[in-house]
Every structure is written in structure tokens, then in C-alpha cells.
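One chain, chain A, links the two complexes that follow: it is found with chain B in the first and with chain C in the second.
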Partner chain A sequence: MTDTVGIVIVSHSADIAKGTADMVRQMVGSEVKVAFCGGNSDGGLGTNVPLIIDAINSAWSSRGVAILVDLGGAETNSEMAVEMLEPERQDFVVVCNAPIVEGAVMAATESAGGSSLAQVKAVAEELSAG
Partner chain B sequence: MLETSQADEHTFTSSVRLVHAVGMHARPAVKLTKLAKKFQAQISVRVAGAPEWINAKSVAKIMAMRAAHGSTIEIKGAGSDAQAAVAALVDLIATDFPDGNS
Partner chain C sequence: MSLQPEIFKSLVRSAAEQVIASAPELTSLDQAIGDGDHGTNMKRGCEAVLGKLDAISAEPLDAALKMIGKTLVMTVGGASGPLYGSFFLAAGEAASRHAQLPGDLADIFDSGVTAVSARGRSQAGEKTMLDVLIPVLETLRTAAGQADLIDRVRAIAAEAAERTAPMQATKGRASFLGERSAGHVDPGARSSCVLVQAVCAGLEGQQ
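Right after this comes the complex of A and B.
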């Protein structure tokens, strides 16, 4: 298997971010890179752009990276993090409009099969399409 | 486990009883989908007698089929490696989704 699309999980809560990543690793396996971040530097709730960029770098793959987020700020900060990447990398990172836990598991399952970033995003977003 | 039947040169169907204690929940669905994706063949599944076949490579649809414990799952494969694909999926379900082959 060649490189697979990486998964980044961004939650306001460090516990949710880590728990979601644990579920992905246990259910899908280790062939997909998973990184997560959540919470602010005081141990409270929040998201921040530098940590999201670190997570993107950690999950980086030549096939791209799909980001799963929870509420409002997680999405806007993730979009900001993408905009702060080098221009040539921006097209390889997408924020998925999907529930964070279900979306992460389904995105990783699709990624493990060697699918493209667009396919991974589409599968994660199948859930929201109703 | 029932015998595999062959409709034409590259289409195979089989059926297998779902022995997993709580039916086709998330973890088995992920395993089934991942295995299905390893084959080129088009693979679909359904609970026996259901009106629609479901794409075995779509994890969302497999989870949504909510197959119950004890139900019979029909598997259909079409393509050059369909016979191996159907056999592999039957084996996965019949052996209750063992860990380690993902």
C-alpha cells in the first residue's frame, strides 16, 4: 500500500480529540496517520491555530490530509491553519463537514483502502448528506 | 455457510449467517469495508431478502444496514477477483470478524 490520506482531529476538548483518535486507531488500524489536538494551553476548552498546524504536519501525507472538527471555532481555526500553510500544500488539506467521531472513523476507513483525498472527504460527509 | 453459486463467468454470490453478538455494528462494519476494498470486484451485500443491495465498500451504508445478530447476509461480487472477494467476506463474517487480519 502506498501513502494514505492522513486524518487530523480538532476538538475543543483534549479528551474528545484523544478519544476520537483512539477509536480511529483501534477500529481502523495503523495504516492511516492520525493526529489530534484540542484544548487551550491552560488545560481548558479551546482550539488554536499553531497546534492545528502541528497536527497537520504530524499527519502529513503526499495524498493529503482530511481534518475533522467539532464546533464553530474548531472549524474556523482549522481553515485559518490551512491558509497559513505553504500555498503548494493548501490544496492537499480539507476540512470535512461531518460529525467528528463518525466522520473520523469513516474517513480513516476510506483512506485505509487507498482512496484519494476527495473520496475520503466525500465518504465522511455522506453522513451529513442524510 | 452456504455454497457459492456462480451466475456467469465473473459474478459470484454466497450467503452467510451473521454470528456476531450484536449484529453489524461499527467495528465489524469497518472490518468488512476494509476487506472489501482490497478487491477490484464490485461487491454488494444485503440482509437476505432485502429489496436493495448495498455497496460493501461504503462503510456508512454498511453501518446503516443494521443487520441483526442471526440474520443471513447475502454477498454478491462481480469482477475478475469476485470469487476470492466473496469467499474472503464470507470467511470474515463466519469467523465473527477476528482481529489481526485488517
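Right after this comes the complex of A and C.
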């Protein structure tokens, strides 16, 4: 199997992150690596950089990783997590400006078809353009 | 004034302790216009910094600032983790190029402020921590070398934090409230004020 773009879901809520990942898996099967994280290090609502880095590593693919986020802090922390990666990996990870559930499903569907990271991001972001 | 390792250590300790002591106030400000986690997030980050204080203060200034930044990024969570983390990471990077204190202090601080602005895609006047950090930077430049520098920095930090109260937020969670965000001091501006004032108080104690 050729590698497909990995999908990471970052929500402030662990329940939303898991629920979104469940929906993605049901709709696109296991062709695409999906990882998710949500909540802060105290178990409350929030996002946290070490968990995002772990999720990126677990969804890692030679084709790259697309991150879907919910609110502002998830985006800021995801961007920070990308910058904490080794420099040679940073260009292979993008944060998509898209609604988290629809974006994750669209991105994963596009990825399952073998599309590039740029195509996956573009398809997810079309949802925000309308 | 030169920044001896033991002075640096005491400044970091007092800044972290002041933020921890302010956590209830920061949380109540954040409950008014945000998601109510700024106090606990900052407390968690500052406790992590205190836990590593010996290792941090054993490093040269640039590496120490970067270590503080990385610790905050990894522990604070929320948007304030990357924002404060970016400030210290960039300040540390600048300190590796501009190592003369106090002469280079404004340049080092400037790099931190620029990083916060880039990370948050935010400017002055948007009811954020930048509304304290930018006036503090301007004072560091205009009052550089003057005897009352510390007093002026302390005063401007307090004034600038208060000036965020009537502002309407256009960035961050508070922006969801629109006009209703006016009337409360911004929690990030307040935590920046607490940090700046703690460092000022610590430096005054050294004189």
C-alpha cells in the first residue's frame, strides 16, 4: 500500500476529538492513519503541545500530515507543535483552516484517494471558502 | 547593572511566584470574557518553570530564556502557552546575538514582542497581551539608560493593562463576545503586567 496523508484531529475536548476520529474511520476505513487529541494536561478542556506532537508522530506518513482544529487555541498550539518538530519534518505538516468535523472527513476522503498534502488541505479548506 | 546568574534566578522565581499568586484574579478576568482557564494554565506553566529553575539558571541567558519558553509551550496549554512560549523562545534567540545587558534589553524584548504578534496574528489595540508588551517595549527604548527606567516601566505596564478594559476584542476567544468584551481588563494583558512588574520589583531589590 502506498502511503497516504495522515490526519490529526485537535479539539479542546477529548470527546469531540475522539468522536470526530470515529466518524472519519467509519467513512474512510483504515486506509488513512488518523490520530486525535483533546484536553489539557489536567484532564480539563484545552489543548496541549506534547499531546499534539504525539498525535502527529502516530499519524506520521511520508506523504505528510494534515491537522484539523476547532477553536483558536487549538490552532495556535498546533502551529507551535509543528515548529517543535525536527526542521526537516516541519514542511510535511499543515494546519487546515476548516471546520473540524467536516474538514477531517473531507481531508481523510481526499487522502484515501492518494492525493498530495496540498490537495488534502485545499479540499478541507474549500469548506471555509463558501 | 549586569545580570548575574543568581539575580536572573531570583527574577524568574519572583515572576513565576507572582503569576501563581495572581492565578485567581487571572481566572476571574478570563471567566468574564474568555474561557476561564488563563489563571490555571499560567499557574501550571509557572510551577513547571519553578520546578526546573536550577537547570534553567545554570544556563547562559539565551539558553535559559529558550528553556523557559519551551517549558511554557509544553505545559501552559491554551493560546497563552504558545504566545508566552514564543516570546521567551524568540527573546532567547535574540539574546544569543545581543548579549550586552542592559544595553540590548530593548532589542531582546522587541524580538519577543514581534514573535507574540506573529504567533497571534495580532497588533496593538486588539485587547491582548500586546497592549501591555508594546507600551513596555516603547518605554524600554525611550527611557533607556535613565535613572527612573524601572519606575516608568512599572507604571506603563499598569496603565496599559487598565487601558485594555474599554477595548473591544477582535482576537482570541473574547472576540466572540464583540461589544460585550468591553468593560473588562484583558486577562493576557493582566498576566503580562504581573510578569513585567515582578521583574521590575526584583530588579529594584537588587539596586
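The rule is short, and it goes like this: the second predicted complex is superposed on the first by the 129 of 130 C-alpha atoms of A that agree within 3 Å, B and C clash if a C-alpha of one lies under 4 Å from a C-alpha of the other, contacts with A are read in each partner's own complex, and residues count from 1 in each chain.
The rule is short, and it goes like this: a residue touches a chain if its C-beta (ideal position, glycine included) is under 8 Å from a C-beta of that chain, and two chains touch if they have at least 3 such contacts.
All values reported here derive from a predicted model rather than from experimental measurement.
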Chain B versus chain C as contact partner of A:122, first or second or both or neither: neither
First, second, both or neither for A:46, with chain B first and chain C second: second
First, second, both or neither for A:73, with chain B first and chain C second: second
Which of chain B and chain C A:85 touches, first, second, both or neither: neither
Superposition-derived comparison: chain B or chain C, residues of chain A touched: C
Complex contact set, residues of chain B against chain A: 26-27, 30, 33-34, 37-38, 57-61, 102
Chain C - residues contacting chain A, complex: 35, 37, 40-41, 44, 70, 73-75, 77-79, 81-83, 85-86, 119-120, 172-173
Chain A residues touching chain C - in the complex, by the definition given at the top: 40-42, 44-50, 71-73, 76-77, 79-80, 84
Footprint of chain B on chain A - complex, ascending: 27-29, 105-106, 109-110, 112-114, 123, 126-127
